[in-house]
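Below, each structure is written out as structure tokens.
You will see chain A twice below: alongside chain B first, and alongside chain C after that.
Now for the complex of A and B:
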């Protein structure tokens, strides 16, 4: 007892001695750290804050894409874009695009990750190969699918017709009934490998003993998935859900390169509508107002997501 | 060393320095154009090299842009004061770019060139506004009807009597449509390609003016409704993928023999034999067919060059280069950047050196036809020598092709679609 008491006193003495010395050192280290971090923080502030501030300023003017001196118009651009009836369609399509894309990509990615997590011959090649669609440039993806889906000589129509599934070729990217879902699938095809990689990384953290224990307890496959696998990948799904939605809503390239927002505006999402407003109608002020409004919406979405959506349990909690 | 010798050597050194400085002071003239195809870039470079070698005052440098990003790239370049000295353009782009305030009028220069070479009227009028000319016409493009003579023959049609009227065109398209072939291929995507084909038919049916004399939009007319109805009928005789077609697909389909007719510009000539595997004699051409009470016409693009510098030296260099290009001996080389698509728009431009070039030689009839058809050319919003500013956003938004889409892929009635187009154009005008 006395020995233990002596040790504690000694430890306290050490702590007391280190206290004043430590408090003198830490601020110096902290100041040094801030100094080292300052350049990149200034750089980030300049490259993010300045363009954002300029965009907000432009949204308060009647700026024309092709020049002239912008005049301050207050919130007139916001009133215009929110009341002229042209933004509702693109906004709803953006939501459908993000939600539909998230569902399709998550299902594909979860399925692919579960398959790739099993041991089989060529597993490493498959894990590498699945990234192909993600690493090829968007322009290649767009043209690849435009050719494959072409109604006149595309392989997809050829296969569908050969199998007797369709009579006449389908203009997947030019028919209003098919264009939106087609581009959503093309985008999902491009992005799901990235999600697969993240989920696969989470799956590799699950020790085989957990599965064995679940089997010993008589759990079905569904129960193993919902009680063991899902809790482990839920934190990853949380991050993917947040970032994926933000990225997805801002996708412009694949839509523009495949359909240009057509046919009949069926694939015109918010980024496409903003681009058209800025560079086809030359109303830069209104386009900036649309951009700022969309950014605000995404900020609110991100806040609500972080605030209300459960992040998933930690490994210790799962165990 | 005597003082005299030293002075002589010093003088020689000064002279040498001055001469060297003179070389270094060569004025650079930057050209931006949107012709991204490598053979066109190479051919432009040949002409540029020839110009640079022909004198030592200026050095021309080309920088390739794209129509996809030029609207985003040019304004910041102007704001930063680093815009090109010469910017290649088409009429509606010129209208838009003039808002930047840096486009220089070239009226006197164009008058001098006109006296020397004789521009066709269709080349200069689209660049004329506010009493000035805003770009130097450089080459023309015209749409005609292209058809496969072998397919006409196989279908029992006379390959030497292509359709001249709308009724004949429709009848021929119906005859030529079979199990695996289509009589015609007209695009129906939201694109400039569709805008252009629709406008050719509009122009051939008294609908060449988008604006009335008082400047109001004049798109919703019975003639244009009739044109849209005709376009719908042609679309029914076209392949099912036309909702995504732009320029390449009709050409590919004509070369592949899956469509027998298409309306397009002269790029079909140079690749027909290699792409189709058929002899040049199988490719036929004719003026765009006209309606019963219409007149011969089709869309014509006068491609020009804007001078965007007010620096006297650079401007002089830009003018010297453009004058060099339009000299008949250099012009042939320039036009061969895209044989058949780039047409001369000066009276002395259709030289034998151009016509007899290897790529064009087998298609003499079509070359002559396109030159002749150029004099019947029209362009939406640019036929009167004054320009409505709204034409820029109207064309940039592809409003005419959106009207086509509403009819062809949206099953809307031509009357409703044209009324919608009128409303959209009026909105563009009100802006």
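Now for the complex of A and C:
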């Protein structure tokens, strides 16, 4: 009974334990806690930490997909990928993709969350309905948009032409001028519902009394938004921005399935470039060097972001 | 400003409707297309012909896309992943939300890192590791990675259910003489049943959708899952849009059906999860 013997003081302390960091932790069922955390930690050690370490090792060898004994080559792969001029493009595109995507998705999600936070008939159905584009497999999303945006017989071109908005059909996914923005929007369409859900979670936490007080004071809708709603959801907007950026940088499937990184490499972001180098050019060492570099960049980015954001905001939302 | 009190709600309702249409119309279009012969679909001057309604695309799925086999493969992978992820996530969630010990914050932080971990980073090393251990080209390789990437996020999704149970309920039960295992079985598990639904839904959807690992780890056609099978249809020299629409509808259907049933718990779970 040692784990449950800590009694009521511990239960009270529980609420405080999350607060001040570094102060002594009052153990509550500590043995059980460690025991229950063990399976997932072992699982992640084997499936993330181990391959991660192995990835760093591969990046220092001349390994390829074909087999053969890899030879240690030091930092040669890093020198190759960083100097052969093939990584700059994908890197910049990844940045544009992630930042553009995060802005579009956060704005769409914030708007959608505000709309869905009202009480109206069918609000539960509406909340579930908008999750559809997130639930459906990426391959279906990719097919759907390739089909609707098709230059020859897609419904979007058909409608735009009959409305007289465009003279001739636009090859949204095949035209180098349009492909990048099109895939960015398709990806936003897929992901913004999930961001909406996260923001909605923060909105439901705003006590109705705040709104009532604001109304009594005669605040306009805009004032209510900027003085009450926004301060409440600001922390979660930061988190959504951070998560959205990091998730976007990792996105591979929607790009690969709509454009394969084309046309003219216009949509070739870092994950696409890594995939091609590893499984089309079979140069695992170089692909791993690119992966490790990307991971380091993400780490630095996340660190700066968390430092930049008001202290406590991210922890409060995520933890 | 006199019109404002009336105009604003109307505006908001219109915007809400627009948003629902932006999400829904593409799917409705896909479903309509799946009931049209390819000859109509690829005719630039015809968008849709009600009189050409046909079930032919669906009828061709089993023979031309080997659809039943890949459907079964996807089901096996998704169910197995879910079966492993639920207990893992459940135990971890209990550990993180209902206990206190040194190192708990670190456990939580590590779970968080996995949410944003780039899967592409693991692709090359896992390919090598799996090929050395004979796991490559088996469903096990996918199941392992589906659990890795869905279980940590499931822990977070269950936060609301675990933190909403009053503190001290375990203590009260313990005073009544219940053992740790009895407390879990009789109190926590029933109380977190919606959390199990949420985890199950998330893992199932994740597994059903997963493309990156499936595209590299599975080599035999007979093992391939739906996303890979569909991609095979997409990348053919000439695309059979009718067949593909039907395949896409059938691929989306199971997760949409699951979400129609469990989605409400999912949405409420996540949104309630934030409110204390």
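In this text, the second predicted complex is superposed on the first by the 274 of 319 C-alpha atoms of A that agree within 3 Å, B and C clash if a C-alpha of one lies under 4 Å from a C-alpha of the other, contacts with A are read in each partner's own complex, and residues count from 1 in each chain.
In this text, a contact is a pair of C-beta atoms (placed from the backbone, for glycine too) under 8 Å apart; a residue touches a chain by one contact, two chains touch by 3 or more.
Remember, predicted model here, so these are calculated numbers, not experimental data.
For chain A, the partner touching the most residues, choosing from chain B and chain C, is C.
Of the two partner chains placed by superposition, only chain C is touched by A:116; chain B is not.
Of the two partner chains placed by superposition, only chain B is touched by A:174; chain C is not. Contact with neither chain B nor chain C is seen for A:307 once the two complexes are overlaid on the shared chain.
Contact with chain B, but none with chain C, is seen for A:282 once the two complexes are overlaid on the shared chain.
Once the two complexes are laid over each other on the shared chain, residue contacts for A:263 go to chain B alone; chain C is not touched.
Contacts of A:189 after superposition on the shared chain: chain C is touched, whereas chain B is not. Once the two complexes are laid over each other on the shared chain, residue contacts for A:146 go to chain B and to chain C alike. Looking at chain A, you'll find residues 65, 146, 152-153, 279 touch chain B in one structure and chain C in the other. Across the interface of their complex, chain A is touched by residues 8, 12-13, 15-16, 19-20, 22-24, 26-27, 29-30, 33, 41-44, 47, 87-89, 91-92, 94-96, 98-105, 107-108, 110-112, 114-129, 144-145, 147-148, 151-152, 155-156, 167-168, 170-171, 174, 180, 183, 205, 208-209, 211-212, 216, 226-227, 230-231, 234, 241, 244-245, 248, 251-252, 255-256, 259-260, 263-264, 266-267, 270-276 of chain C.
Considering their complex, residues 1, 3-8, 10-15, 17, 21, 25-37, 39-41, 43-44, 47-48, 50-52, 54-55, 58, 63, 65, 111-112, 115-116, 118, 120, 124, 126-133, 135-140, 142-148, 152-153, 155, 158, 189, 193, 197-198, 200-202, 204-205, 221, 236, 243, 246-247, 249-250, 252-253, 256-257, 270-271, 274-275, 278-279, 284, 287-288, 291-292, 294-295, 298, 302, 317-319 of chain A touch chain C.
Chain A contributes residues 64-68, 146, 150-153, 168-171, 173-176, 259-264, 276, 279-283 to its touches with chain B in the complex. Those residues of chain B that touch chain A in the shared complex are 71-72, 74-75, 78-79, 96-97, 99-101, 188-191, 239-245, 249, 252-253, 256, 258, 392-393, 396-398, 402, 405-406, 409-410, 428, 431.
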